[in-house]
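Labels A, B, C and D are assigned to the chains in the order they are written; within every chain, residues are numbered from 1.
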Amino acid sequence: MQVEKTQEFRPKIVAFCCNWCSYAGADLAGSSRLAYPADVKIIRVPCSCRVNPMFILRAFQRGADGVILCGCHPGDCHYTTGNYYARRRMTLLFSMLDYLGVENGRTRVEWVSAAEGVKFSTTMNEFVAKIHSLGENVRLGDLRCKKD
Amino acid sequence: MQRIGVFVCHCGTNIAATVDVARVVEAAAKEPGVVHAEDYQYMCSEAGQLKIREAIKEKNLTGIVVCSCSPRMHENTFRQAAERAGINPYMVEIANIREHCSWIHKDIEEATEKAVILARAAIAKVTLNAPLQSGTSRVVKRALVIGGGIAGIQTALDIADAGYEVDIVEKTPSIGGRMSQLDKTFPTLDCSACILTPKMVEAAAHDKITIYTYSEVEKVSGFVGDFQVDIRKKARSVDMSKCTGCGVCQEKCPSKKTPNEFNRGLNTRSAIYTPFAQAIPNVPVIDRENCIKFKTGKCGVCSKVCQAGAIDYEQKDEIVTQNYGAIVVATGFDTIKLDKFDEYSYSTSPDVITSLELERIMNAAGPTKGHLERMSDHKPPKSMVFIQCVGSRCADKRGKSYCSKICCMYTAKHAMLIRDKYPDVEVTVFYIDVRTPGKNFDEFYRRAVEEYGVNYIKGQVGKVAEKGGKLLVQGVDLIDNKRILMETDMVVLATAIEPNPDVRKIATMLTASIDTNNFLTESHAKLRPVESPTAGIFLSGVCQGPKDIPETVAQAGAAAVKVVGLLAKDHLVTNPCTAKSDELLCNGCSSCEKVCPYGAISYEEKEVNDHGIRETRRVAVVNSALCQGCGACTVACPSGAMDLQGFSNRQILAEVDAICR
Amino acid sequence: MHRTEQEQAELLKEISGVDTKKCMKCGKCSASCPAYEEMDIRPHQFVSYVQNGDVKALLKSKSIWKCLSCFACVERCPRDVKPAKLIEAVRLMVIRERGGNYLTPDEVPELLDEELPQQLLASAFRKYSK
Amino acid sequence: MQERLIERAKELLSDGTVVRVLGWKQGDLGYNPEPAYFNSPEELKDFVYDGFCGANLSKYMIAAGKMEGNTLVFLKPCDTYSFNQLIKEHRVNREKTYIIGVGCKGTLDIDKIKNAGIKGIESISQDGDTLKIQTIYGEKEFPFNDALLERCTVCKGKTHQVYDELIGAEEGEEAGPAGNRFEMVEKLEAMTPEERFAFWQNELSKCIRCNACRNVCPACSCLKCVFDSNKFDSAQKANVDTFEEQMFHVIRAFHVAGRCTDCGECSRVCPQGIPLHLLNRKFIKDINEFYGPYQAGEDTDSRAPLTDYTFEDVEPGIVTERGGKH
């Protein structure tokens, strides 16, 4: 799936990838030439459990339109249990953002193993398409959303 | 303020074809802190590294950003280059502009823009980097091999011959694995047992090798150099020190109806059994599920007939705990279940068999004593049909997406052996492709066709049906473009192989990564094929991917060399990217301790000086020798006291800010 | 509307949802096909013909009226190619070019006889009522 | 009741069991008592315990625990959850604390009375189910239950979780109004995202960043808040549109998720009347639904939901699956 390019809107998308599975999966997507839009920028973290909700909120506050977290499949964490904690943290964070009225499609967690270059690429294509359909992020920049 | 140097690699045209390297250099040079920026054809080359070293010296650089391939490729290369020029290796950051940029984007404008942003993120991060010092950890001079097939045996022998202790853990009652079930081996047609049993004996006799059969790995903790492993020795119900292996118990055992796993269920065995005659150890086990004594409390025949008094119904499982410097996974394979392939009538007709079952039928110690016969009526077949790629190369959920690699060759072997021993039997092989890369492999296959008259048909079989004691095969010949309808006596399915289903459990314990097909992932598909990405875990045999015996033995040796290389070290240099707690910010709440998978965090009552206030506080202390740097604690910590060196909160936020700028 | 053969091939892929590139030419579809002997162009060849843009021959083929739409080929294809869908697409293309000479449900009872299996009725209806 | 508490406090001070008392002291108005230390029997003359003693004293015990000698603290049933949670997090010193669990019939919200048009209040006393309010315009009456703080209308527990002795605990045992504490959360969940966004935009825009919520919250007890340290580059005090300004409440809610006992102090003290407890309750509700019922402060040794996991936990995708069309 290829995302249609529109001149007006180039989303900013931050992808946190764990070093052992998803970052390697992204590398595999690269060496297999499995394209996805350049809007996705990857930040390498040792484990999905390293991702503090503050990082995600910071990205949104600084103008990101979507944030995706990728880690090893549950059960396959390099550090045994990291992604289980990440799963709970992200579930609760995403639910809270949804509760605040922020579009829940702007956040996503996907488990991508080192062997899943194809999955990495499809996931990113889907996610970018989703962000395109949601348009620019206006709600999450300022959660306090101060009215003048 | 850091003095940062940025080095942008062309990687030949790998990067430069899609990323305007000059523009990346130009943009990077404008970033705060950057005092040097240049590009080069191949940064990883000696000349490229020299450029980095020279720039460090000439411009007094304190931090380095290399925009190149994945850090998983060359981070170490550039760290070493930095170190040689006198700066701390952890002052290097990589912007991955190849795998994550030039290789996936086509538009030069887009790719260049992204490369600039990735460079900025790396510059922003390196600005906050601090020199880190590695510690050391011990290396336990002992290796564990999980799986006692040919892969495990060979790995263990090679490690032991280099002078290190090795333990083999084998789930079944004997070592030997799949190879012990084979009759002959391609392409030289050696008798499998004749070449395997000497290795089994050698392993058993080796003073550096300890074999735990009928045992499983139960728990693994620790890390490279110092794994702690619990091995469950299942109760054998036979005292290994007393048993003489006379075999009387097996003869007299009244429970003889258990399907014989070794013969793939083609015949039955007693409840007390050794899987095969050459089993090592030659000590039977009691299969408690099928033993009358264990089921009803009555019987005890084996105990009565055992002159050595070796039978011990009270025996319990035993847990052995041992430390190892390295672990080799050699868990092998099984054939897939064929329940989703109704069209071949495998589950309804006893004369439709898998190739591994045929191995047992053709083996002199097998269910038919080596006579080729139909399992339905024990009559010799007059014609046989072999079907290739059953469950291999499947895009659907019924089978496996990969080529099982060994089937073309063993099918040629079977066809040839049958034609050789029973020239009257007509042999037809339905194939999609015949894949025979390997020394003397294609010659072998051609001999089957040309010398032995095996009829190879390019095409597949759509249906096998039982009809009047015969098997009706409906297939197609794609070359002649005609339907084939033939009667035959036996059908042999070249069934796909899959990793031993237990491997997923083991991979989880070892935190070794595994792919969707349950094959263990290697650290690098080409350059580090016998190492798992998890340090200290090595791969041997089919657990890593389909392979035949010569390849397995070669890989087993390679894994052994890697293990020996590790065990030969006096100590290991540890990853300095560990968690660190700021005692002035620590609340002592224990959240971090709860999420640490390594028990690396403890608490101390410590006197702190918080801006003039001296008081005793409960603070978290990280044992950097145990910490592996996952960062779970950093997020559990509400105050931000716990941080991860090399991936600090501020560093990651700086990357976020740079990307979202 | 006139289409080139290549365009027709693309249309066939679109209608059927079949990706002909997935075929590994094993022939299992033809091996499974109960109408194989009746066909001038065989199921596996449909995939290859469309892949090579050779649609004219397919439109003239009598195979499209012989396919029972039993989907044995779809069921057994190891690569998930779905040759029957491709055959159905060719059939559809022929019918559409011919115009509205459809079988109406009212005409069906007259064509029935006692021996006719239900499956044939269902597949015939599927075939002719598109 | 107040007299019984003073009597007992005097005894404990006199016999040396404790060296100070942490309780509530009469404020400048008839309805604003404040937390206070009493260091001698004489000082206890200012001690007060009435329906306006809503303040949860648990958090003060972090500091009290570091002082010389033992401290007597009065805790209402809901306050004991907070205290327990602080024991679990090693923040308070149980050994140096003498807890008298006091009965509670619910605490009052002066704004509810004022909003009903009662002005010029001088003092308030309770007579059964009725509040007698002396105002400069004469005596007025107000139904007790109508003046309760929101949190007391959905009281989560009438029994003390931790104490050394109880005084008047039986008083609170008769059931007060027992509402569904998730009612408002559910209402918000049922709204469209746009409506929810509008709701929170309206509420959070009122925030003046006075930090009262942070200061009163027993879970928000970090020695140094992340927003005051340089660990996250989050302080940025000089900027107008800072990360801190914009994300404060959601981060604060996340930091106390799984630790918040739902004591409701944040909403009670907010000068702008922002229903901050609705953020915390959302986390509590989600935790209960996703990971099984959990009440922070009920015990001192269980794993908090965010430092725990099961293999079968729901995936974050549940948020999208569960609804909230966007």
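Operating definition for what follows: a residue touches a chain if its C-beta (ideal position, glycine included) is under 8 Å from a C-beta of that chain, and two chains touch if they have at least 3 such contacts.
The structure presented is a predicted model; accordingly, all values stated were derived computationally and were not measured.
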A-D compared against B-C, more contacting pairs: A-D
Chain A and chain D, separation of their C-alpha mean positions in angstrom: 36
CA centroid of chain A to CA centroid of chain C, Å: 43
Centroid spacing, where centroids are CA-atom means, of chain B and chain D in whole angstrom: 54
Junction residues of chain C - those touching two or more other chains: none
Multi-chain contact sites of chain A, meaning residues that touch two or more partners: 53-54, 58, 75, 81, 85, 89
Shared-contact residues (touching 2 or more other chains) in chain B: 595, 636, 649, 653
Pairs of chains in contact (touch as defined earlier), listed by label: A-B, A-D, B-C, B-D
Chain A partner contacts - residues on chain B that touch it in the complex: 70-72, 96, 98-101, 103-107, 110-111, 113-114, 117-118, 121, 504, 507-508, 511, 513-516, 521, 533-534, 577, 595, 597, 628-632, 634-636, 644, 647, 649, 652-653, 655-657, 659-661
Complex contacts: residues of chain B adjacent to chain D: 582, 584-591, 594-595, 603, 610, 615, 618, 636, 638-641, 643, 649-650, 653-654
Chain B-touching residues of chain D, taken from the complex the two chains share: 66, 88-91, 221-226, 229-233, 255-256, 303-304, 306-308
Residues on chain B engaged by chain C in the complex (per definition of touch): 343, 389, 393-396, 398-399, 432, 458-463, 474-476, 478, 481, 483-484
Chain A residues touching chain B - in the complex, by the definition given at the top: 12, 14, 19-21, 23-24, 26-27, 29-31, 33-36, 38, 41-47, 49-55, 58-59, 62-64, 72, 75-82, 85, 89, 113-116, 121
